[in-house]
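One structure, as structure tokens, below. Some questions next.
Labels for the chains are A, B, C and D, by order of writing; each one numbers its residues from 1.
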Amino acid sequence: MSDLKSTLIEWRRDFHKHPEVGFLEMRTASLVAKRLTDLGYEVKLGREVMNPDYCMGKPDDEETAEHYEWAKENGALEEFLPYLKDGYTGVVGILDTKAPGPTVAYRVDMDALPIYESTEESHVPKQKDFRSVNNYMHACGHDAHTTIGLGLATLLSENKDQLRGKIKLIFQPAEEGVRGARSMVEAGVVDDVDYFMALHIGTGVPFNEFLASNNGYLATSKLDVTFKGLASHAGGHPEEGKNAMLAAASAVLNLHAIPRHSGGSTRVNVGELHAGSGRNVIADSASLKVEIRGENSELNAYMKNYAEEVIKGAALMHQVDYDIKLVGEAVNAVGSVKLAEKMFQEAEKVGLKCQLEENKPSGSEDATYFINAVQKQGGYATYCVFGTNLAAGHHNEKFDIDEESILPAVQTLFETTKSLTAE
Amino acid sequence: MSDLKSTLIEWRRDFHKHPEVGFLEMRTASLVAKRLTDLGYEVKLGREVMNPDYCMGKPDDEETAEHYEWAKENGALEEFLPYLKDGYTGVVGILDTKAPGPTVAYRVDMDALPIYESTEESHVPKQKDFRSVNNYMHACGHDAHTTIGLGLATLLSENKDQLRGKIKLIFQPAEEGVRGARSMVEAGVVDDVDYFMALHIGTGVPFNEFLASNNGYLATSKLDVTFKGLASHAGGHPEEGKNAMLAAASAVLNLHAIPRHSGGSTRVNVGELHAGSGRNVIADSASLKVEIRGENSELNAYMKNYAEEVIKGAALMHQVDYDIKLVGEAVNAVGSVKLAEKMFQEAEKVGLKCQLEENKPSGSEDATYFINAVQKQGGYATYCVFGTNLAAGHHNEKFDIDEESILPAVQTLFETTKSLTAE
Amino acid sequence: MSDLKSTLIEWRRDFHKHPEVGFLEMRTASLVAKRLTDLGYEVKLGREVMNPDYCMGKPDDEETAEHYEWAKENGALEEFLPYLKDGYTGVVGILDTKAPGPTVAYRVDMDALPIYESTEESHVPKQKDFRSVNNYMHACGHDAHTTIGLGLATLLSENKDQLRGKIKLIFQPAEEGVRGARSMVEAGVVDDVDYFMALHIGTGVPFNEFLASNNGYLATSKLDVTFKGLASHAGGHPEEGKNAMLAAASAVLNLHAIPRHSGGSTRVNVGELHAGSGRNVIADSASLKVEIRGENSELNAYMKNYAEEVIKGAALMHQVDYDIKLVGEAVNAVGSVKLAEKMFQEAEKVGLKCQLEENKPSGSEDATYFINAVQKQGGYATYCVFGTNLAAGHHNEKFDIDEESILPAVQTLFETTKSLTAE
Amino acid sequence: MSDLKSTLIEWRRDFHKHPEVGFLEMRTASLVAKRLTDLGYEVKLGREVMNPDYCMGKPDDEETAEHYEWAKENGALEEFLPYLKDGYTGVVGILDTKAPGPTVAYRVDMDALPIYESTEESHVPKQKDFRSVNNYMHACGHDAHTTIGLGLATLLSENKDQLRGKIKLIFQPAEEGVRGARSMVEAGVVDDVDYFMALHIGTGVPFNEFLASNNGYLATSKLDVTFKGLASHAGGHPEEGKNAMLAAASAVLNLHAIPRHSGGSTRVNVGELHAGSGRNVIADSASLKVEIRGENSELNAYMKNYAEEVIKGAALMHQVDYDIKLVGEAVNAVGSVKLAEKMFQEAEKVGLKCQLEENKPSGSEDATYFINAVQKQGGYATYCVFGTNLAAGHHNEKFDIDEESILPAVQTLFETTKSLTAE
């Protein structure tokens, strides 16, 4: 086990050093595919496990092609790149024991964030020389998630004879911005799954503790909105412009003024707004990053529909064009308590302190698509969290996990698999 | 002349005491028609001199019927009421000398304002017992204008042998809110006119002074806007409402934010807003009184078109219905300097000090419809103002004129007519 | 009992026919005081049971004086009017058994609403000739509440020997708009109370059913906001005005845009807005009726503080003055389940079907001040609702209750008192 | 003259190729200083001719230091750099004939724009290899202005014996954004000037035509506004943020809604807005580029004062901090017709077609500070424009002038100087 532990840490640091953002995880996915192949898994990747119609907020062709070059130069494996080149970077490893039994699936995510990693000496990745080599950063722990997935793959492969049924390891791209899960669900990746678990590290859970089930993830939609007007000289001919600035400002105020809903929590935020091209020019364009949420999908739909009307109306007011792009979406979900309790039994064996989660709704996760799909077909599904010590909060430039948390997570999942397939 | 003077004052006080607002000048118009008839004028009134399609902001049938009862009880002449009953209260008196010569027309207006007249003892109409008997008030001097029109009718009739051509005396309803002139122009009232003059008393011009031409009246449109939503309990079910309050607030801000125009002065004002029916109810309706103006009709059209888009967009934002009613409209006009100078010659004879007007654009007048129509067919037309001492500003509850100004105005117009028809 | 029943119905119809709004319940209070006195209660009223510093949204002196005249002419009892004349219309009746035992209090409210009652023949009060004689209406059932209070007073007095301890019957003014309760609490009315119950009729609860405890009343503040600017002619001198319309519109949008709170439900509504005095005048004043709510008092305070900043900022933006008047306020409260269950035992004896209430938060009630005060000093307190058949919803012009519900309510409260004081 | 012409073209191309933006014209100013020195002018530069208190919108120390390095590496002359290093890049060349006579001054400006010059082959500077070497661009013709100034310096120096009085050639930094002129005026640069002329090339005036006087430059203020709030997670804790986005949106709408002024034209534009740092984060900052204008300085002051109130109020509404930086300002001015007519006499000799300018107000220029200062002390001052053929409009990435226009401009100014000093 101490060999495995040091291998896991090595892998994690390599992923940390080479972060890739959503739908661009080409290097990461190629390494995942290679290791799964070497371990004897049937490996599916790219369009085979992702339905392009349901990818949201995918980078454009130019950015994708550019990153492809970066990946090639930074250790991506040529063998798998043809499948990943267009940005369909999901990987699924299947271990079929041929013995009768249920199908058990795990989801880990692989993407990093567009955050510039801290260069301070106190930051461990800087000290130990695995700080990011580019301008992205694994500031949410997905490097650890991918590593845990591969660690689990290793243990399962090495102990295949103790298992029954079928195991599916799902390596998902673009969890940040809740953009990638739905395309894998729509490609049928969990159509045959009886037990499904998605995992996260950290999120405020203390080191050596374990939480599962009942996470109150909020349904959410992420909208990129643009208003397109017409520039003109603000002193000379203000009337000749079509003022995208005024449309945007009206949209911002009215989006935030969407009435509260008696059915439960809702949220709306215009997190970014960039408008105009010069002080003395009527602004001919404005772009907004909008996010709406609801305690459930109906509430989210209420907010989304209202938001769309606000945007249309704001554009009409100032006779500018508008465009609304859905660049991310997630639903709410409720974890299966029965499955959570199964996991607790195994986690406790590994020495973790367990507790049913009853979070107040706040954040969002697209693992909810998997959870709902599996539950809908009669299976059990849950989200779970492995606690750790964090150097700084998620999405912070000094974020770092305690690597001691990795192996117990792998062990818990391995034991859970044994237990579930033994039934 | 001193007989005429005291008759004029008597008439003016009678009109002052019995004010009627726009399109309801039934008593006033019947008295005007009677006197013109008695003086030998051919008299046309009602639909004959007003095109119903171009009446704006006309009171509804109920209010009209109610006022009809008031008029009957307050001295309106039964003989003419059938023509006036529906609120088409314009009157035109025609004096045809049968001698060849031009057609000369004058416009006076007859309507009062919905202002409650001062009851203070210092207010002359109160002292001398001709304060308004109802809740309206002649607070702009139209009582004097109507009187001047009748005084002029008297002198012309008495001196018909000194005249040539044809004279038309136009008594217009609903000048306040610029609602009545267009319907008379569209009925062809000035189609044969060579010289046209519209007059006003006061407006800041000193006693014994006279101004004409080149008034910078702004083109304007008056819009009554309503937003219609859906009420719901603001605590219990805010999401079930359709919020007319939010639509109205967005409209107000964005109307005022319509970009300035490099082509000249524009104006916009939301002068009144009434929305909602209770503190804890999502407002299901909002009504706005909007006014836009432009230095010329193109600028006014720019403002009006933009305003309509703002209103539509604001409604769409909050999914409420909207309605825009045009309740008044006027164009800009430029007085004929040549005609103004003719008037000056005659006014000076009467002892008035004259000056060409070069106002900065500010207010609006629908006499501009007459002026433009006459000029378009090759005639000359101008606006003119007889100065007076004012007790308080126009539209003030203590407004009052100096009655000494009435006779010189009548004389100036009489001399002008003689001079113009003598050519 | 059938005598009592017909007396109760007679009383209720008399109150219904003579509705009085908050802080003006002079006739009602004088009749209440008279009956309590006749039944042998110690009666306190006026400033003795209301702290003037905590009255909110009290009508001004003129309106109070005017209503005083109405009350005198409509059957108010001269004997008690001196105490009620200034609008401090609360009444408390105390029945001291002298036997040791707890103090039990009930609150009923007496005020009507500014609603014009239906004149349709199908409306029972119209049919049976107890429709309102003025422009107010008992459209929420407080006529029944007052009647129940007096019915309870009757039974308690008649059966004084079966009771122990002390009973306080609190007749509160101005519950509508949550304006009157706090002043009675601050006057110490419940300082010695061990058990407290406030009651309501209807609210959607079916006939013959009874609910108590755990009502999710929202904390709330009602604000009357005025912006005071400066008028000027919108065409002639727009720059000379101070535009209260723009301040109001900005306030409306930004009030509704106050961010949601992760701690629980909040609400905000600008239910009414009246601004401006004429289409062509820069609006010199605007008045808003604002209501904010929170699932608890902290959330309400968050909303209130933010709202005040929005209002100040909106005024500053357009250099107008502002005024914020707190015209109503209530806190949240949680009913004592133990007391509710006691009530259920007695209600079931009377034949009512009982159920613990677990409402989602929505409306507000100022009985919460009493509830919190009693609980704070170690007592038990709850809200309760007697179901009935409603002709139309609360606050509707056709609202009417089923008078058959009155007597069972009186009996339930009487039995509860017996039971509580017997302990 | 043909020698001079080719020298002028060579200079202009060198300036074009090495553009420097406002307050960073270190290379340009050093070359100007060198040539003036070589021609025998007394040269003053840096703080001697600029009052630091009146520099507006000056780049910060870091940017200034960075550009200093660029200038050193790109041909700036070490000899003058110490005076220019801190960004005080104005230069004045004085030619004192010692013969009695008036003081005549010319202003040319030297700064470029932050525009990326076109790389298309059809763009002449690209073809002829003088396209910008950095990311700035002379897209307004100031390269030609500086060249004309140096050409004039050459002719004056070569013909000093034909002149009397004193000549001052003022090379101003930072005209773009109207930031540099005032600091030179406040340093006393034109305190002794009798005749002052500022010049521009292009601006829509046809090739071989010349305009002077009476330009309707608008007074203007340029404001950089920032709102500083507090970030927080928009899903998790929206109430913990201080929302700079909402403050900015309110400011935008209300700035554009500042009432029009009856005293003349005004303008307002929020040309750029950048707010927020992430979709799911309450925006903690927003920056706006605001520009206001007025037909005269009083109107501009009205707009500026109102704008400041709007910004303060918007900040207060959402409890964020604000900062308003004045980064540019200009006044209005009216050219001296007498001086313009003098120039016409000389321009006609050179073959240019002349015309008094009567522009409608639209753009702004800080030469107006010089003009007003000179007129105030009894001198004559005017703006003038030399027509040319433009490849594209000013501030366009394909802007280019017709170099044939340079020499006639130099000659016109030389002849004007001769004529003015000969008096």
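Here, a contact is a pair of C-beta atoms (placed from the backbone, for glycine too) under 8 Å apart; a residue touches a chain by one contact, two chains touch by 3 or more.
By chain, with names taken from UniProt: A, B, C, D = Amidohydrolase.
Note that the structure is predicted; figures quoted are calculated from it, not measured.
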{"item": "B-D or A-D - the one linked by more C-beta pairs in contact", "value": "A-D"}
{"item": "Greatest separation from chain B - chain, by CA centre", "value": "A"}
{"item": "Length of the line joining the C-alpha centres of chain A and chain B, rounded to whole Å", "value": "68"}
{"item": "Computed distance of Cα centres, chain D from chain B, in Å", "value": "51"}
{"item": "Junction residues of chain C - those touching two or more other chains", "value": "236-238, 243, 246, 250, 253-254, 256-257, 259-260, 262, 267, 282, 362"}
{"item": "Chain C residues touching chain A - in the complex, by the definition given at the top", "value": "253-254, 256-257, 259-260, 262, 265-268, 360, 362"}
{"item": "Complex contact set, residues of chain D against chain A", "value": "177, 218, 220, 222, 233-238, 243, 245-246, 248-250, 252-253, 256, 267, 269-283, 286, 289-291, 293, 362-364"}
{"item": "Residues of chain A that touch chain B when the two form their complex", "value": "236-239, 241, 243, 246, 250, 253-254, 257, 259-263, 282, 302, 306, 309-310, 312-319"}
